[in-house]
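Here the chain labels run A, B, C, D, E, F, G and H in written order, and each chain numbers its own residues starting at 1.
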Amino acid sequence: MSDFYSCINKDDAVVLLVDHQTGLISGLVRDYGVDEFKNNVMALANTAKFFDLPVILTTSFENGPNGPLMQELVELFPHAPKIARPGQINAWDNEDFVKAIEETGKKQLIIAGVVTDVCVAFPALSAVNAGYEVFVATDASGTFSKQVADAALTRMAHGGVQLLNWFSIACELQRDWRNDVEGFGTLISSHLPGYQNLIGSYRGAQRDFKQPN
Amino acid sequence: MSDFYSCINKDDAVVLLVDHQTGLISGLVRDYGVDEFKNNVMALANTAKFFDLPVILTTSFENGPNGPLMQELVELFPHAPKIARPGQINAWDNEDFVKAIEETGKKQLIIAGVVTDVCVAFPALSAVNAGYEVFVATDASGTFSKQVADAALTRMAHGGVQLLNWFSIACELQRDWRNDVEGFGTLISSHLPGYQNLIGSYRGAQRDFKQPN
Amino acid sequence: MSDFYSCINKDDAVVLLVDHQTGLISGLVRDYGVDEFKNNVMALANTAKFFDLPVILTTSFENGPNGPLMQELVELFPHAPKIARPGQINAWDNEDFVKAIEETGKKQLIIAGVVTDVCVAFPALSAVNAGYEVFVATDASGTFSKQVADAALTRMAHGGVQLLNWFSIACELQRDWRNDVEGFGTLISSHLPGYQNLIGSYRGAQRDFKQPN
Amino acid sequence: MSDFYSCINKDDAVVLLVDHQTGLISGLVRDYGVDEFKNNVMALANTAKFFDLPVILTTSFENGPNGPLMQELVELFPHAPKIARPGQINAWDNEDFVKAIEETGKKQLIIAGVVTDVCVAFPALSAVNAGYEVFVATDASGTFSKQVADAALTRMAHGGVQLLNWFSIACELQRDWRNDVEGFGTLISSHLPGYQNLIGSYRGAQRDFKQPN
Amino acid sequence: MSDFYSCINKDDAVVLLVDHQTGLISGLVRDYGVDEFKNNVMALANTAKFFDLPVILTTSFENGPNGPLMQELVELFPHAPKIARPGQINAWDNEDFVKAIEETGKKQLIIAGVVTDVCVAFPALSAVNAGYEVFVATDASGTFSKQVADAALTRMAHGGVQLLNWFSIACELQRDWRNDVEGFGTLISSHLPGYQNLIGSYRGAQRDFKQPN
Amino acid sequence: MSDFYSCINKDDAVVLLVDHQTGLISGLVRDYGVDEFKNNVMALANTAKFFDLPVILTTSFENGPNGPLMQELVELFPHAPKIARPGQINAWDNEDFVKAIEETGKKQLIIAGVVTDVCVAFPALSAVNAGYEVFVATDASGTFSKQVADAALTRMAHGGVQLLNWFSIACELQRDWRNDVEGFGTLISSHLPGYQNLIGSYRGAQRDFKQPN
Amino acid sequence: MSDFYSCINKDDAVVLLVDHQTGLISGLVRDYGVDEFKNNVMALANTAKFFDLPVILTTSFENGPNGPLMQELVELFPHAPKIARPGQINAWDNEDFVKAIEETGKKQLIIAGVVTDVCVAFPALSAVNAGYEVFVATDASGTFSKQVADAALTRMAHGGVQLLNWFSIACELQRDWRNDVEGFGTLISSHLPGYQNLIGSYRGAQRDFKQPN
Amino acid sequence: MSDFYSCINKDDAVVLLVDHQTGLISGLVRDYGVDEFKNNVMALANTAKFFDLPVILTTSFENGPNGPLMQELVELFPHAPKIARPGQINAWDNEDFVKAIEETGKKQLIIAGVVTDVCVAFPALSAVNAGYEVFVATDASGTFSKQVADAALTRMAHGGVQLLNWFSIACELQRDWRNDVEGFGTLISSHLPGYQNLIGSYRGAQRDFKQPN
């Protein structure tokens, strides 16, 4: 009934982080709270790190008002290809970027970026046309307003892109907690304060009930 | 013109309640009000009970911060299979869970859970691929934010899942009030305070107009 | 590229008003403001009247808490078939209702009702399956919450239903102002206070500039 | 403990409608829905009519883009003083306006207008300083945004103005339903569709329960 | 620096529930969700019961569209004075109502009702003028819109009324958990599903950690 | 996997601005802020100008309450065809309008207008049926409410229309900054105050760090 | 009854623009839309210019991430004192700033700035304590969130500050249109697109009705 | 004109953190996003640390469902008095708590806690009555809903409490950047990702412009 759903596979996937530059985030992103957006971007980045997925970074005019890539991303992925595009708006129009993807040999692309309607939507739709399976990390991508984001996400969904938040991506990659309970727990709780509270309460209860022993 | 719509049939349907655990609800669900969400979950559960649908419960790490299943669900379905998954995030990856579904012999799955984007979306999309008709109870499923829920619901709708609130599910199962006017009225009014007010006013009017007799 | 769009034609269309009963509106509709919703329902009704479209009314348990049909609809359509369903929730399950539609000989159905997810979605999807072109008047249909409405509209859109507000329906039926400028102007301005203000200002300007003559 | 509260008295009150002009409403009012705002203004006007309160109308540059007074107000109050201010922004700066108030001999002023922060706040605060008791009809007054309205209402509340919606004003004037049950019921239900629904349901119940007799 | 704050004392307080009638709630209350509002009203009522505070009920035209008092309140307080006002809108204008208050000998009034701007604000401000300490239970009081509620609450706050939600009232009455840990815990958790989840998780943890013993 | 996505090509595209008339914008558009909407319309218009795309203007009853075309559009495109429709609501029903499009020889249509659900949706869907590739500029199109816009956008997306905001359109036309860095930078920064701030800060930093030289 | 209200007088007022720096606006202001905020700031600035009020500019660490003052302000007020504070957060702690105010001899201060809770609230409350009449331009002041703004505005209102939007300030300064109809009309319409639409429609009507002559 | 404003002085202030327990935050706080709330609490805590203010911690039933204090607070203030209240809801009713405050010798109290309407409002109002200057950190305090928070903040503001967000508190304590530019910059930027972006862009520009040297 559906030929649409496919699961992200950690052996087939590469993460593309497009234009997470300090100026663009500061000046243009208004569909997520500031704290929330940074947390989401770093959560996606740390997910990539945790699963050892290849990561490709790209920027648009980083020597100018758009600003440099978030420093945390630079530090987290010191060896990742970083394509400073000399002018192409759609990263897919940049040969080095496409080549970097091809060199990974992966066919599933996880894309996030700023702004959603341009820096994410253009390469995402281009990649679908080029035969890739494309997954957009919706909450690690930001833009001018909720209305703009909605239009862009609708365009992508109708164009064959799958929409997922970072947490779904992490869970789809992990598949089974037993692959690394400790590691995966640390990954997600470090980006989900709500989950940290649960752990705190659980440990508190542990102290309460173990005390008599 | 459409090959999409199919009606839920009470002889073909099974209800899957995925990870409605006290910790997860408390720590993670933010797209519904607390009162409203609990009411929706119990409304779906009572709908299943009323129509005597088979129910399958499953949990993720219930001995830990995620917490136990909501006590009300445990009490309402003492004989339902309850699959405590040892690690699989997607319940569909758990053989016991799939086997429990197969044993019901039903081909229509009604799914709700916490969180929508993972615990609901993963098995829902897997089940579509496996040939089931899948109905997600949107308002008995909760997650981090309205934006995350929207992305997950879009993904599922494009993947062939039908989206319904609990009230639509109850009505689609009932089809005709005359099958049990009293019983169905009690079911829905006990979860719809707005409907209770209507009944209250109607009874008030009855007193007013019958008094002269 | 699309086989989807079809225009409403005033010679092919019938309007189905499902369960606009005082109790249901009062107790259950929360996705529109009270003033706004009543205005939208009456705007759709007056549109039907203006274009002399056949109208079919139906109610669910009108002798009970659901309450009678809105008095204004009863008065506006004294000769319309009014099917008081003895129990069927989906009006399409009521033979008299379907027969009343068939007797009009029309193949385009414009549907509105309360609540959107049940009383509208069920017959709308059934009618698509039965081969009709189905247009739902979104803003003359109400339900429990914006979230419930969104899920129901998504379900219908994916099921082949076209979504339009009453104003679009009126405009698609009118096609050309010259068919009756005066009449159509009166129709829409009587339900659009914003348009009335424009007319007021225009007449004010007329007075200003004609005074010297 | 409080020297603040005083009740509106129908023998002491006059209603001031400031600049409810078609252009201003159309172009500037954005803190209320269009349907809702018109309904609120007419509800206040009909309240004044019902209680036979003196009404004073005033406009700012009605021969120009601001447009004429809403035609409904002109027709409802054909004999009310209508002060077309030649330039004063604060109506209190216009001697004819103040004189018209003084001639009523009333000491309680009920003010509404467009825009709240200027055409309402200026005369309201001026009137407090001049020793009047001032009541602003918040929901029959409109302005650019909710944020602008909030600041203006805060300024007025701290300046000694009492804030009421039209319904509170009507109820405070009526004090006791028995003064005219029929009339007051008609007044409020004609502007509260929610109340009309209640009446409709009540009459429906009456039909149900009286039928056997 | 402030002469304003005073704490509610369970020996000095009486609870006034004004016009919580099924019709009024159904037709007019739109500033709270339906589930949420009913829960808040019952939470306040159960708080009064728990602390054995005197409760006075009053209604406006209960034989008519306004409908009877919520059945749950009638059952909870079978012996409370219930003043059916024959016409007075402000309950303070009804001598029996004021007398019922005086007979309790209490000087602190906790008021909730429908609608906030009329049925709550009028008696609340009247009572302040009459020398009572007045506490309005904001979330057990409902009205047409958030904007209307905000204006009414501002009016009351400036008029010397203290604004509290039901939970604050319960806590201010309880003062110390040790007065009845079990009872108070049951009271609040039965109206706070969020708190129930915490208890559920805590009990789950207890099972986990006690099992080895 | 998708046959849907196609990129706008500046050699194939024509811009259709439908009914951006002062009265319609003032009286009917409520889904965008006033400042924001005007900025979006002019941003799209200036984008068309910058890329030298053919532009076709059309109006509905401009000698009447709908008002004239925004003066800024008239001045920006003095030589564009301007089709004053004598009555057709759907611009596609006007032969001159369609002929004007055909004369451009372009097959990609970028459409914006007021109101979205009628003046945009009708010609957009008609054009898809006629074989054009259709791109709707969502944020340069306005209507009565967010709910109405959502239904109209959903209808169009399911009908084969691509949804883009003006910024995406500008970027898709530009493709590569190097085609005209200065010009494109001026275009977008003049409509994105957020981008202007980035430029301001960058120039400030330039002054800081170059000073020592 | 109130000793609070005082009207701004153009001979007594000075405008203080505090820290409208490109970085601070870009990185921190989230309670207004980007377009809207810039428009509001420039509207206040042009109001000051129009009434020839003395303006004092001040900045905090403009050689650093906070960025330079908005270039438009620098150009509009080339001769205004511009106090670059070397470290004081509260501008009132800077002697040059206070001296610049004293040198104007004015006793009414109109203050706007970024961020509202610090750069506005601190000097505003300090100035009240120092005996000035203080008016804060709420919509030309921005901060982290609506919640933060609300707390800061409440603090200021209770501290004796009057809250006004830029439009109220302009109107309170102008008092009477006849002081300069043309000039004042140009000032406000250039910052109110809604007002421009009204003028456009009025001119359109003028063309219509004058044509026959 | 105002006797209200007083500035926080780092030599006179003590910080009271009331019931920031993992269970309460998880189960009850819904007026702030989860990420945002944790950031605000830690920002206030680190502000206290930075200025070396005395801090007093208190908890309510920490051996139970309310859960232990946030682990981060325990670690940050290992030597702070931590009063585990045996039952008092209002911390001010606990002698040890009041004594701990008195022992600091400070007269300015900065209070934050969970939930705002109880754990913050009760001691804050009690402290005002006891003669302290009280400052509530609004955004480091959380509760059930925005509506509940608004009522509680209004009650406190009218009761003589000053409302500030954590950032205002930090700035009011710092007064002058030059007291420790580096330290204060680190403090605020570590809790303001928006500010971090500005620093990132500034450093990027520095690299750009210094490179040629």
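Keep in mind that, in the parts below, contacts are C-beta pairs under 8 Å (C-beta built on N, C-alpha and C of every residue); 3 or more make two chains touch, one makes a residue touch a chain.
Heads up on the chains, UniProt names are A, B, C, D, E, F, G, H = Isochorismate family cysteine hydrolase YcaC.
Just so we're clear, the structure is a prediction, and the values are computed from it rather than from any experiment.
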| message | Can you tell me which pair among B-C, A-E or A-G shares over half of its residue-numbered contact pairs with C-F? | response | B-C
| request: Tell me which of A-E and C-E has more C-beta pairs in contact. | output: A-E
| query | From the C-alpha centre of subunit B to that of subunit E, how far is it in Å? | reply | 33
| Which integer distance in Å separates the CA centroid of subunit C from that of subunit G? | 48
| Inter-centroid spacing, subunit D versus subunit A (mean Cα positions, whole Å) | 53
| request: Pull out every residue in subunit E that's touching 2 or more other chains. | output: 23, 26-27, 30, 33-34, 64-65, 67, 144, 154, 158, 192, 194, 197-198, 201-202, 205, 208
| message | Per the touch rule above, enumerate the chain pairs that touch, sorted by label. | response | A-B, A-E, A-F, A-G, A-H, B-C, B-D, B-E, B-H, C-D, C-E, C-F, C-G, D-E, D-F, D-G, E-H, F-G, F-H, G-H
| query | Contact residues on subunit A for subunit E in the complex? | reply | 198, 201-202, 205-206, 208-210, 213
| query | What residues of subunit F sit close enough to touch subunit C in their complex? | reply | 23-24, 26-28, 60-61, 64-67, 86-90, 93, 115, 117-118, 121-122, 125-126, 128-129, 131, 133, 144, 147-148, 150-152, 154-155, 158-160
| Which of the residues in subunit A come into contact with subunit G in the complex? | 26-27, 30, 33-34, 144-145
| message | Taking the touch rule as given, give the residues of subunit A at its contact with subunit H in the complex, in rising order. | response | 22-23, 25-26, 33-39, 62-65, 67-68, 70-71, 192-194, 196-198, 200-201, 203-205, 207-208
| note | Residue positions on subunit D within touch of subunit E in the complex are 1-2, 4-5, 7, 31-32, 138-139, 146, 153-154, 157-158, 162-165, 167-168, 171-172, 174-179, 181, 192, 194-195, 197-199, 201-202
